[in-house]
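We call the chains A, B, C and D, going by the order they appear; numbering starts again at 1 in every chain.
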Amino acid sequence: MSILIDAKSRVLVQGLTGKEATFHSQRMLEYGTRLVAGVTPGKGGQLHLGLPVFNTVEEAVRAESPEVSIIFVPPLAGAEAIMEAAAAGIKLIVCITEGIPVLDMLRVKSWLKKCRASLIGPNTPGLISPGQSKVGIMPGHIHQPGPVGIISRSGTLTYEAVNQLTAAGLGQSTAVGIGGDPVVGLRFVELLEMFRTDQQTRAVVLIGEIGGQAEEEAADYLKASGYPKPVLAYVAGRTAPPGKRLGHAGAIIEGRQGSAEGKIERLREAGVKIIDNPGRIGVTTAEILSSLH
Amino acid sequence: MLIHEFQAKDFLRRLGWGVPEGSLAETVEEVKRLAGELGCPVILKAQVLAGGRGKAGGILKALRPEEAAHLANRLLGSKLVTAQTGSQGLTINKLLVEKAVSPKKELYCALAVDRRNENLVAIVSQQGGLDIEELSRFRPQLIKKIYFEPDEGLKNFQARQLAYFLELTESLVKDFVARLKLLAGFFIEKDLKLLEINPLALTEDNRLVALDARIEFDDCSLARHPEIASLRDESQENELEKRARKFGLNYIKMDGSIGCLVNGAGLAMATMDIIKHFGGQPANFLDIGGGVTEEAVSQAFELLLADTQVVSGLINIFGGIVRCDLVARGVVTAASRLSLNRPVVVRLEGTNVNEGRRILEESGLPFIFASDFEQAARLAVELSGQPR
Amino acid sequence: MSILIDAKSRVLVQGLTGKEATFHSQRMLEYGTRLVAGVTPGKGGQLHLGLPVFNTVEEAVRAESPEVSIIFVPPLAGAEAIMEAAAAGIKLIVCITEGIPVLDMLRVKSWLKKCRASLIGPNTPGLISPGQSKVGIMPGHIHQPGPVGIISRSGTLTYEAVNQLTAAGLGQSTAVGIGGDPVVGLRFVELLEMFRTDQQTRAVVLIGEIGGQAEEEAADYLKASGYPKPVLAYVAGRTAPPGKRLGHAGAIIEGRQGSAEGKIERLREAGVKIIDNPGRIGVTTAEILSSLH
Amino acid sequence: MLIHEFQAKDFLRRLGWGVPEGSLAETVEEVKRLAGELGCPVILKAQVLAGGRGKAGGILKALRPEEAAHLANRLLGSKLVTAQTGSQGLTINKLLVEKAVSPKKELYCALAVDRRNENLVAIVSQQGGLDIEELSRFRPQLIKKIYFEPDEGLKNFQARQLAYFLELTESLVKDFVARLKLLAGFFIEKDLKLLEINPLALTEDNRLVALDARIEFDDCSLARHPEIASLRDESQENELEKRARKFGLNYIKMDGSIGCLVNGAGLAMATMDIIKHFGGQPANFLDIGGGVTEEAVSQAFELLLADTQVVSGLINIFGGIVRCDLVARGVVTAASRLSLNRPVVVRLEGTNVNEGRRILEESGLPFIFASDFEQAARLAVELSGQPR
């Protein structure tokens, strides 16, 4: 098993004929992902990478019944692309696009609620169930199937973590980048819940970051749910510069949350194994898993 | 993108809000003239793009035009270092000269994106001023928040709830409601992330006056608001950071000795974390991003070496969208131009790693190769002369 | 029993200090309705009809915990008044106001969904559970407690129906005016479902009108649910002038529905007893109820 | 509130839509001149506020300016009776003179409030023109509907779905999307109930031209759009109906002999139904509404009696908000002014019924009292000379 995508998942590419989308769609096809169609307004009727291209997601859904869509469009068209996919009945939408304005994302979140669709991203490398399906832009070859679920707010740092795991002899069930933007679709909590019941997954690695509250929410969820599998976490940014502050309002809205120390403390309290040295994500996970026997 | 206080107050004025009588000055003479025209006492406010100006001495009161001139002379052209500027500070090129207002009461009013609730939020407090953050922790009952969606906008009844919470007189309630709605419309139309009026003075003659204002726009939306993008004040950016931005690089100067060049913000932070873990000090945060060109990589590497505090370098690339060979070419170009005189540890992984390594090796330049992330960090720390 | 309101229901009046609201609030108090507070912005802190007045619904809810709100405000303030009540946690909102723009009502309906609040109206005489509570502007004295539930799209025609029932010796469990506007809150179907499980109600009288699809929906519901109680219906407007047409779009949107004949036919097919002569609503209901024994 | 075709086309033009070249004329001379200037053939279109003008002979083609003058002479000042005007028809005061367009294809495009789905809807069809309603029944696959919410507006992708459904060429797709979004914005901003372009011509040179347009505003919203309210053309209203509207009365003239005065639209319809049930014919629909004044009641009763077809009257009042005594006073005032010469049956019930009845009785006027609804109707029908 795996979560969200598997070898049977039928995948649509929005913005297929663009340069970046073309490059990564080729890599996905090479990996074995079941791409079934593309959408580029004005290019309906063409074939691209051997895939039929449609003018609208609605037409693509009618013709090819994709269940998942991966989006490569310019930032200011990102929100509409997500809405179009959701309105057409796609239930899992993966948005690679970086730089979508935050108010657009607030509108997207309301829209997704109405359509009951799930979003991964935006500003995410996507997700991969190794050996089955890759819906994203991560280098496929560093992954291998196995027992570790990964949920990460980062891009390349996820590759680093995966690489370490694979080097330590540990494959992955599914690795999900939830995206680095302030407002994203699925967060740690929803994905932890999916990994909870996934039989292939024996441990979960969280890659967090300073800012926001996703890690704190995850800690609360893990504590409350009596999570049955070991969870490890590395939170990046303990030494990061303070960054520009969001006025006083930031503090009023977010309180004292958001710092790396705060997140680490909350996760530790929730029973999460904290990894201090990001060079030891793989070996630490291997130790934990071998100690289970 | 943060704009200056005087720019924020221009917007507020156009939206019907009261602001203190005042004007912008760039010379001591102008300040003196304005102080005379406005009538003292006046407040001189350093226009730098950072918070914490008051505590840092960037906001001063003058009782006579001569005093104003004296203070202006001290402020103009100097660097103001606040809790938010970093140690280099920001140059004061402009002063906002305002007639002093003595408020009966200082309120707080803000609109912001609340990423936790995935909504917009309007916030008011009966007690504004510098202690608002403490207040939110210890006396949250003095603060009221109303959530609203960008498409729906702030409703009249929501604005009324805030107005009555502030215990305004009935005539001010109507004014406040109308203006707050204009503010919310502006916030949504122009893609703001934050609009903060603090303090919002309630004067003896029962008027509301915005004594200070902070407006921050969403960088991602500037492409659809060219009139907003044009408000950027490049003089307020660190030279290195400005150069980085021009090439789409995300660079932040720090105080250590190990220069880092990494792809991806998360990996860049992890690289800094691991350097500290092994007892080193990073000299910067530098994320070359995903869509980087060879020329930008080259610029990035020059930027890194332009920092004289840098003793050793660490290039940490996990190729994905970014190809290792492209990075290698950019680095070699820059290193050749600059005559590389400091040790640089290189760790490449991912897309086109072999080609990248070959390019670096064949360059004949003294790169030190590491086989993994941890080893790379150890080496860089050792070479920086600060081993654990 | 009764539906929606009973003797214990705590009722707020929005716009209490206005002339019409004052008049009808007095009548409600006389009837025994448990009015607990009023809202008029700018008059917070006053007493009116012996009731505390608040500036906002939020304050009124905090102080007096009303469960129901009845709205008397000008038409262009109507939508906001409904939203304010729903946002403050009021679960049943009765909007007397007539002439609210239809786009405002579309916005209200989305808002109510988010707040999970129910609306009666707008442009309704309100509702009454005789002998218990009257939340509306209908003449109270013509009602008496009894076994007949009434759901009506009309105002005075409802009084006529109630008057006939009372004259025929039949009291009412609850009489609800759903409002005559194109977009209203609760419709026939939701209220029929409430009457279905109400023990006091032994028969339901529907008062319909030409236009819209509420009667057709009711017919479909009744047919599908195997409704256990006798339902009678009078549909007004068989002889009404055709009225101004809503272009071709009306026909495209609504098809051939909306005529009195169509509604009557659909209801008859669903097993509803059709009353042709609006002067015989009372006696026909009495006949049906007595035939049940 | 319906506006004229030429007014609707003015809005369309401002929103970037193509409309036929043409102008408005109020005299035969103007029509002739315009026909010459535009170049024949031209279309003369009667500007009356009702649909069905084409079938009723209100839209005519002229091949020469002289023919245009001839036709204009026939149309201007005459009454046009269409399926939607009622038997009295509407006076043609203005003609829209347009250069004829010969379309390659006739499409359909509309925006409307869909009360069933409680949403807005955008509708297009590949086959517009007169048969669109038949089409919607028998070939619904040729029609596409997209729902959207007023706060969210029509999205680009939704407009694109409609454009591709119409099988427009790629360059027209972009145009259509941009314009349809403007149209939707206008619809929402100005509180429309309907905006219909039918037919929307696709010309030989691949342009979209709105050949006919219908715009209907929400009467309830006119108070917040005074610029729209001022577009009302009172000359297109029946004199009696106009007088009724001025007093807030809802009056519609019909062809029977029993004049009705009722409070509430539902009860007014029921009153007409029961009159027919007993074999009578109502002369009108008249709802005096809830917030009626004594003067308005008086006007209502005069209106009823001003109809010379009326043989008997029926006043049916169930007092609620409306008080019976107020109605009685209004009726007596009017009856006294007019010397009541036809029998009037009165049925009063509800608020202040006794006082109302007393006023009528003491007036000395020949009212006939009925004890209930059914009896009142029976009496009125008998007195109208049309018993069952």
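Worth a mention:
We take it that a contact is a pair of C-beta atoms (placed from the backbone, for glycine too) under 8 Å apart; a residue touches a chain by one contact, two chains touch by 3 or more.
Quantities reported herein were computed from a predicted structural model and do not represent experimental measurements.
The chain with its Cα centroid farthest from the Cα centroid of subunit A is D. Each chain gets one centre point, the mean of its Cα atoms, and the points for subunit A and subunit B are 28 Å apart. Here the CA centre of subunit B is 58 Å from the CA centre of subunit D. Mean C-alpha position of subunit A lies 55 Å from that of subunit D. Multi-chain contact residues of subunit B (touching two or more other chains): 151-152. Those residues of subunit A in touch with two or more other chains are numbered 107. An unclassified topology is adopted by the chain contact network, corresponding to no line, ring, star or complete arrangement. Against subunit D, in their complex, subunit A makes its touches with residues 41-42, 44, 55-59, 80-81, 83-84, 87, 107, 111.
Per the touch definition, subunit C reaches subunit D in the complex via residues 20, 75-76, 98-107, 109-110, 125, 137-139, 142, 152-160, 163-164, 167, 180, 182-183, 207, 209-210, 212-213, 234, 236-256, 276-280. Subunit D contributes residues 151-152 to its touches with subunit B in the complex. Per the touch definition, subunit D reaches subunit A in the complex via residues 152, 155-158, 160-161, 164, 170, 173. Chain contact summary for the complex, subunit D toward subunit C: residues 2, 50-51, 84, 86, 108, 110, 112-116, 118-121, 123, 132-133, 136-137, 143, 145, 149-151, 188, 191, 193-194, 196, 198, 214, 216, 218, 220-221, 223-224, 252, 254, 262-267, 269-270, 272-277, 282, 285, 290-291, 318-321, 349-351, 372-374, 377.
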